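The data blocks that follow each hold one structure.
The two complexes that follow have chain A in common; it is paired with chain B in the first and with chain C in the second.
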Partner chain A sequence: MNNLLTISGSPHIHTTDSVRKIMYSVIFAMIPAMLVSVYFFGLDAVRIIGVSVVACVAVEYLIQKYLLKGDVTINDGSAVITGVLLAFNVPANLPTWIIIIGAIFAIAIAKMAFGGLGKNPFNPALVGRVFLLISFPAQMTTWPIPKPLFAKSVTDALTGATPLGLLKDGHLANKTIDQIMSDPAMPDYIQQLVGFQTGSLGEMSAIALLIGAAYMFYKKVITWHIPVSYLLTALLFAAIFWLIDPTYYADPLFHLITGGMILGVFYMATDMVTSPMSAKGQIIFGIGCGLLTMIIRFWGSYPEGVSFAILIMNAFTPLINKSFKPKRFGV
Partner chain B sequence: MILKTFKLGGVHPPENKVSAGAAIQHLPLPDKLFVPLSQHLGTPAKAIVNRGDDVKTGQLIAKSVGFISANIHSPATGKVAKIDQIIDQTGYKRTAVFIDTQEDVWEEGIDTSPDIERTIKLSKEEIIQRINDMGVVGMGGATFPTHIKMMIPEGKQIQYLIINGVECEPYLTSDHILMMEKGEEILIGTSILMKALGVDKAMVGIEANKPDAIAHLTKLTEKFQGITVHALKVKYPQGGEKQLIKALTGREVPSGKLPLETGCVVDNVGTAYAVYEAVQKNKPLIQRVVTVTGNAARKHANFLVRVGTPIEYLIEHAGGMPADLGKLISGGPMMGKALVSPEAPITKGSSGLLLMPETEAKRAPIKNCIRCARCISACPMGLEPFLLAQLVPLDKWDDAEANRIMDCIECGSCHYICPSGRPLLDFIRLGKDKVGKIIRTRVKQ
Partner chain C sequence: MNQLQNLTKGFFKENPVFVMLLGMCPTLATTTSANNGLGMGLATTFVLVMANIAISLIKNLVPDKVRIPIYIVVVAAFVTVVDLVMAGYAPALHSQLGIFIPLIVVNCIVLGRAEAFASRNNIFSSMIDGLGMGLGFAMALTILGSVRELIGNFSIFGYKFIQSDGILIFILSPGAFIALGFLIALINLITKKA
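What follows is the complex of A and B.
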């Protein structure tokens, strides 16, 4: 024995899991949705995702290296996730400079200003997205019509409204739900599930997103509490109003598979850093997200409410953590 | 069949029970023994021998002092070289009796024959007295004096004796091999404890990763009244007293209360064996089975060793001191204690020695908490380890107490599972120490 013995408190063995592995599982889970976006938007999707990821990682690197002069932790993969999620939340025709501004805001303001990974109260990608939505409303709501690779243009139009946008515009024009749903621009449910709809890069295909979500469940990166409570609440809320007035409100399935619902529920509301920690707290969080999403969709001025709902509930997370403690042993 | 287990939390570290199946090997007596006077929870015993005295194997050399304490007997025949300070397993200097050993001569009245003594002749009171006299303590690690557990306060009713054969710590196999080789003695010990407690039901809990021990003891229980063997689903820390009671009876020890509130008394299989030896053979607790294992160990073995044997002596008999030894742990990898020196002696509570190579000895760098809540899902007491570890460095003792820091059983599941490698239990231990002192001062006032 040449060396001194190491002394440390128990336990002396540790899991082989790490922050890096968790983050890379999430990135891996987003690959199907990325492929779908490339299929529908081609090089534009590659441009948006690439620029967003590179910008996020670069901003984090520059801040850690030159501003904080501390450890550089960009290889933990969290900035990459923010980059991909930000890209997933914008239209495919967004100018490159706008996405860079979004990335700077997401990483510099929403993440690093609070102390970096684990310390941010709000989901950085969503903060970036909402910042862009408020600052560049025109560019952020001009949606290109998806044009599958190797296919001739399906319509002549280059841009169009999202299904939720059509719904909101229809309401404003005092149309009935049947008139709105029979609009030729409105995709049917199968098209929505597969991805033939207008919308942000990452919310195109519910199926691709669900495949990734299943992988995250399998890897135990997410638990059922937030997704199930979020989806059930939104479904139930939509169902109640649909039953009350089916001529005005769209049916619950429509709300489930349109817009950012699936993306938000599985990939952003479940963000470990910004969601509550106890099982009970996570269910409360999911219910809150579901209610707020539907309230904004029904009666807000924006057609979509997922981003706002999650950000608002992020603000409640510390309070929820304080109020909903895990089940104690022997109490 | 659905196996029983506890409900809240728990983790599944790799089992690594390499030494399972290695028969108990009697280790020859070393030349020198260092017998610490504090081998149990409570007040250290007071030495009643002096320098130069001749002692026989099994002779009383230190008497228990106060209520929570235990007698200590000479583990060998020889001469008391001195009574002096030694660095024991805790890393602190403690008083020990140094014995230069000679050929083994047992004290009169101790039955050293290999025959199994089956009839229990002593009465309830005599059993408890004998357990006290023979210095029997809990052999699962906590080393709480066993006779005190047998004294049930007025008005309390005990329904179950629970025998802990779980051995949920990875690597350790001393209880397993003891169940295989001394199964009948353990069950006789169990019957003795049942008589002392006045209960007619005893449950032996064994995790399902020891099917041979489950089968062996189940077969043996046919000859015993009221003892049942239960296979448990493998999950750490099932060997924790509170978790085992929960797994076997569904009852929860109330926060801050003792297990007897649930009508249960829990004893380790090693303790049951020691009780058998004390009561049926009049043999004091002077030896025990110690597993020597770990990825740096040259040989994996289960040794029967005398208390006071220097740890390095065991390592020499397990193939010698490894060149790449980075950490030496007394006990299992989850709750064991990293030793300062291999010269520290084996005590009544030493269940194993884990030799870790340098590559495993150091902790990974600490990363930011990503609030993944895995520490919460892993905590078998339903605590929020991340929160407690945040409160302690801020000196927020009231908050820590309100969040039940004193309920922590220090199983290490939180630090084990943390993907950021945060030393949660280090902080919680620190906090428990401080909050415990605050509570004691408050109670005094």
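What follows is the complex of A and C.
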């Protein structure tokens, strides 16, 4: 906006891409996962997503209009994405006031305090989620058991642990992996792929998330570098430890489709603002994310490490950008 | 500079925490509540005043090359006094502040005032300087502690006004950085306008 002249070497190719167009492609890609969450959690999912999006956009509007007194750019869709992603990262029974606090934190502190879109070092939605997780540990780890929209159910609200939570608790209780996996609360792989498991709104169904990811690839909103290096590293790391001790470590496939792995890999690690610019840098970024995620899952105190891993690697992004500058031609 | 300016400079113009960003370690670590912040601030104030007086007294006797170790020994003596007095009369506060009371010895404000002010000025000015700086530090810590307690626990000086768990992160260390950052931004905004 404040720099209308391109100051790089010719030739220049103009595309029709704009911030707005890219952002709306991402929003479009999140629709399948949104529908799945509404299917499993009903009105609660609508409430969480709605409140989160409205709060994010409203906070951004108020800050831009009254605090910064500058251009209001809520139409670019970035606040909407933050809102949806934040909603995707919380349990469906979260009280409304907590999600509003999370949205305020995500936009006001993680994004606007650094100067707004393009200047935030950390992914705002993830900062919001980690902030809520640390601030409200009880509410953020009470997961409702999904209740499909048209299924008859005897009880109204049941809660249970996530698959990764069961894994962590099982380790603490000195159970072997077979005992943990045969727990009646543990969903099998098909259930996890389709989404019939406990978890945050957006991490329910791996299939719905992959459909959205395929759309983003098709639209060239994301490139393969970060997702592929992230997933491969996590898979390899999990596979090595699974081969070393299959009675203690869960198999790699389990780690791939549980928790926020798919959601984080395709929708949050690939955030253009907070990930490195060059292809090599993106691969380093993905490897770092994958390693950190598995290290936190294996030996950390939290059962899930995706959000922490991505935030930690976000902090390394400027350093990676500096080390992996693309080669200049003709110098 | 008259003595009144000497006293008040520590509050706003040269506030150790908000303007000079000195003594960040106790500032971030001990301000989990308004009480802790105030206790830490007053303990540091005592050490600052006494150390400034003592160092101003001995400034002509201390060889220049070994002045830093000697200042540290002087400061450590007064810190020991505070540590033992607090352990005796305020054991609850003492256990809350823990290691940060002995660590006043290496607080850069104390050594900084000794080096920059007390070793060059007379006893009375040094005492006033120590008092102003110490109270400025105590004020900053109390404000930061109040803000963190207010958001993190919905209470102030231990008086709870909303019966609910607060936004826990503000009691934890990330909250200290966030709260301090925004307080400094606010103070810069006010001083810029004034």
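We adopt the following convention: the second predicted complex is superposed on the first by the 308 of 331 C-alpha atoms of A that agree within 3 Å, B and C clash if a C-alpha of one lies under 4 Å from a C-alpha of the other, contacts with A are read in each partner's own complex, and residues count from 1 in each chain.
What we mean here is this: contacts are C-beta pairs under 8 Å (C-beta built on N, C-alpha and C of every residue); 3 or more make two chains touch, one makes a residue touch a chain.
Remember, predicted model here, so these are calculated numbers, not experimental data.
So, does A:D188 touch the first partner chain B, the second partner chain C, both, or neither?
After superposition on chain A, A:D188 lies in contact with neither partner.
Using the superposition on chain A described above, determine whether A:I101 touches chain B (first), chain C (second), both, or neither.
Second partner only.
Which of the two, chain B or chain C, is in touch with more residues of chain A?
Partner touching more chain A residues in the overlay: B.
For A:F131, select first, second, both or neither according to whether it touches chain B, chain C, the two together, or no partner.
second
Quick one: classify A:I109 as touching chain B (first), chain C (second), both or neither.
second
Could you please specify the touching residues of chain C with respect to chain A in the complex?
For this pair, the touching residues of chain C are 165, 167-170, 172, 174, 178.
Residue numbers of chain A touching chain B in their complex, please.
Result: residues 1-3, 5-15, 17-19, 21-22, 73, 76, 78, 116-119, 272-275, 277-278, 325-331 of chain A touch chain B.
Over in the complex, which chain A residues touch chain C? Could you list them?
Those residues of chain A that touch chain C are 101, 109, 131, 134-138.
Can you tell me which positions in chain B touch chain A when the two form their complex?
Those in contact with chain A are residues 8, 11, 13-14, 91, 170, 242, 246, 252-255, 257, 321-323, 325-329, 331, 333-342, 354, 356, 358, 360-364, 367-373, 376, 379-384, 386, 403-404, 407, 410, 412-413, 415-421, 423, 425-426, 429.
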